[in-house]
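Each of the next two complexes has chain A plus one more chain, namely chain B in the first and chain C in the second.
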Partner chain A sequence: MLFPGNLSLDQAPPISVPFRFLLSAPLFGVLAGLLLTLQGPALLTGRWSPGVLAFTHLITLGLVTQAMCGALLQMLPVLAGTRVFGAVTVGRTTHLLLSGGTLALAIGFLADGGSWSLAAAVLLGGAFLVFVGALGWGLSRADNPNPTVAAMRLAVTALAVTAILGIGLALFWGGVPGLLFMRSLTDVHLAWGLLGWVGLLVLGVAYQALPMFQLTPEYPLRLRRHLTAALFALLLLWSVLHWLAAAERIPPAWPVSAAATAGAALLLFAAFTVRLQKRRRRPLPDAGLAWWRLGLAGLGTAVTLWLAGRAWPGFAAHPAYPLWLGGSYLLGFAVPILNGMMIKIVPFLAWFHLQNRQLALGRADVAVPNLRELLPERTTRWQLRIYVAGLGLLALAPLWPALASRPAGLALAASWGLLGFGLGQAARRYRSVNRALLLAPAGEGPGA
Partner chain B sequence: MHTISQVLGDDHQRCDSLFAEAETAVARGDWLTGESAFNAFHEALEHHFRMEEEVMFPAYEARTGQTMGPTRVMRMEHGQMRQLTGEMATAITARDRDRYLGLSETLLIVMQQHNAKEEQMLYPMADRALQDGMEQVLSQMGAV
Partner chain C sequence: MDLSELMPPEPLERILGELPGVRPGDFLHVRLHREPLLAYPLLEQAGFRWHTDTGGTHGIEVYIWRDGDRLAEDAMPAGRT
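And then the complex of A and B:
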């Protein structure tokens, strides 16, 4: 029988598949940071400013989705015991289309260019068709449907919903007639992307990753079995109620109560995670754990802000409110969790592939660098500090845009630049050691 | 009645605790505690590997006729981990904190993935395959 979860080289995809995504993700973050630096106060004029839309999509598509695609292609064999058919081609195609589509979309927002939006719709449509198709096929064949696999299936479904709505919106922006109704679906697009695609995947991966890498106790089985399914169902319910309420067929309180329940479910996840981390058996402070703590604080802030906005409509009407709400979820929760994952997965994959090669070739004479030699702690610690400073400045920026917006952009760009540099350095070290392993040992001729 | 899952799964926990103790002490710069905790961990891990390699794997292979399956992968990963613990022992002797912590973080990830595979797949499979001779396998493991 097959032995699922076998992390051996013949089942894991070549290192180029995840690296392609994980190494380009920080670059989109740098672009987003630079955009904020360049536009400054003009970017933060409101939720619908072209600058905010471009900034947001550089982060959600360029940084977050890019990293999540790379990680999923890598983790599917490990966590789900299944593989993606043609992972190399799928990876290369998705990466190219996703990167091009993200840039086209950002340009489309900024230049208000219809043809750029149309190009983005085509490129991103292609990217998600390939990716969702390949992942869906792989996930449908997973023979041990544990809670993580179940969460991945729901997350990929949510990605498909987000993508379809997003492409409809891009076509509308691109001037395709008859799509005015898409505008009313913007919030649905956003909810499926942020809560569905990002939220569900984070939950599903946390179930496995936290006990393994932070030596925490397991999440309770009942929570693992039901929480992601409940969130998905609430998202579906909210979408229908939101649509009915928009058509004034039901009172607006109905969708709000569905969303509030989803918010409570997310808080429950955050509370359990904090509790498990308090009981972890590895007391050593660790950059991955610090990013997780920041992310959970961001999630708590986002849910609290959302609830406060419902309780005090005056607060929700403040122009800064949507920026704080979106910012705390996206930059306070999603990005930190992914950042913590990236700084672990890139050096680990480099080490893993090198050590396998070293064992296979019997080259004990070539030293394989360990995780911290591949990505020094110093780099990750400074990256975190600069990021927290950027986040603090960004929180102040809606109130004092002239003072805080450009420094916030610079700090975020610097933090992601440092992340890109650190990951790039790990990849360069990988390549040089790999070359040394493949070279003939000293003293032996080429044919020896 | 005890099972392989219980006995070897609990032993993973014991190794994890010793691992964390050694790592914490080294991070603090407390080499005396660190060295003795590392030695205890190293010994516990080696003992765990031997219970598997000398008793459980051969019994499983003999019963199922699979020698190229999961047990082969597990033996390979034991080799990876032995290489890392060997380098960690050198780092302890050299009092090289950064090197030790880099190696221990690497080992942690390899070890946890390995344990997850055993606990979720191999041990339950072995519990089913070795149901009849369980007492004997467990007592042989106890004698290692």
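And then the complex of A and C:
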């Protein structure tokens, strides 16, 4: 059986809970794209430039985490057979604090403002305390922990580690004394966020989503059971070895070996996924599949770049290298996978809730739009094309910043703007059909 | 209906589209790639009952009939109600 629990509509949160997150996520992407357009070459001066830090966090927190929080609140009852206690309050509070905290953090980086960083630390701390607490409680009650639930638990743990380190760093940026040591933990914060929170959740959801939505065969049971746990263990091992190597108590090659093994595990996942997609039951083109393919190519590129950087230190020392490496993982892998998920989940939820209401009210006279009417394929096709163009320009931008950086920012902003427009249209259509369903049928009004 | 090669939620759309045509004494027999757990609450809302056969060699088979339709239940293969 696919779902461990008995699926019930009563268990699913109201549609406003996931929509709140999924509809705001593209707006943060637009902000990031506009920031790159405005700052242009100045943004790409290096990994530590305030512009890069603001851009990166608008994407990681504003777009990726926002979408992942919304999806998790929605998927928990379906994939884990459990639910989040007080999902509406948890959703509203997390969304408000996460959105405010992300903006405050970006402003803090750009304006070098201590008080903005402190505000970000408080807001984001609150957001993750509420979200991790609520999700942790829900996940602990999942009585049939399948590999996806196990991956979700590890991913939420990784989110907690990332958040604690990130809040420490924001407090350091905000001028709180005694936190200079936090700077040495920046790479650990980054690894737990990108590999732990994002990577583990993508793997766990893929185990369910690919066979279900792309009609692929199942991932091998051994891979499903052990890969996410192995990645989490490697992340933990790498963190300890990284700390010991930084203190010069062990050779630097040790943490590199742990990270290389994690890279190999990610490549294994990508290779299996491509193989399964080749064997899908219905080999027709699909926008969700295209985003997944882009994401897997991005993952392969990121791991290859990281390995190449270790093999040729001269290459890793190139100023463009950290931008390529981070860009290929974040914008080449994480964002495309999340984008592919968002274009499926928003129209599906709208359709499903409308269909349910239509049947409950017996309103066959009100037509429920299908998925393609809610989110037209031409919108998702154009969004993908513009995104790929933006990604290509961004790859060239570290080499030719004056030429490529502003067009890259513009293309990314346009792509996310189109995503926001498409998802917003679906939500508007949902509201208008829902209103029509709730209105009294013609001839049965109060005066009839 | 063989819906086993359709991507979600097309099988669900097709099943719901066929429901008005299910007459008393009839049942709808569909073959699917996965158990249609999302369909169950909607079938209940629409006033239908179902039996799901997960052990077949041709994937998942679902039999759907109008709630209270004894004729349809009697017409179904043995052990399906």
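Methods note: the second predicted complex is superposed on the first by the 438 of 448 C-alpha atoms of A that agree within 3 Å, B and C clash if a C-alpha of one lies under 4 Å from a C-alpha of the other, contacts with A are read in each partner's own complex, and residues count from 1 in each chain.
Note that in this section a contact is a pair of C-beta atoms (placed from the backbone, for glycine too) under 8 Å apart; a residue touches a chain by one contact, two chains touch by 3 or more.
Owing to the predicted nature of the structure, the values given are computational and were not obtained by experimental measurement.
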Touched partner set for A:Q208, first chain B, second chain C, both or neither: first
Touched partner set for A:V88, first chain B, second chain C, both or neither: neither
Which of chain B and chain C A:I107 touches, first, second, both or neither: neither
Which of chain B and chain C A:L371 touches, first, second, both or neither: both
Touching partner for A:R281 - first (chain B), second (chain C), both, neither: both
First (chain B), second (chain C), both or neither touched by A:A389: neither
Of chain C and chain B, partner touching more chain A residues: B
Partner chain(s) touched by A:W351 [first = chain B, second = chain C, both, neither]: both
Footprint overlap on chain A, comparing chain B with chain C: 1, 3, 7-8, 212-213, 215, 281-282, 286, 348, 351-352, 355, 359, 370-371
Partner chain B, residues of chain A touching it in the complex: 1, 3-8, 78, 144, 146, 208, 212-213, 215, 281-284, 286, 344, 348, 351-352, 355, 359, 370-373, 377
In the complex, chain C residues that touch chain A: 4-9, 13, 16, 20, 33-35, 37-38, 40-42, 45-46, 54
Residues of chain A that touch chain C when the two form their complex: 1-3, 7-9, 211-215, 281-282, 286, 348, 351-352, 355-356, 359-360, 364, 370-371
Contacting residues of chain B [partner chain A, same complex]: 16-17, 20, 23-24, 27, 69-70, 73, 76, 79-80, 83-84, 87, 98-99, 101-103, 105-106, 108-110, 112-113, 116-117, 120-121
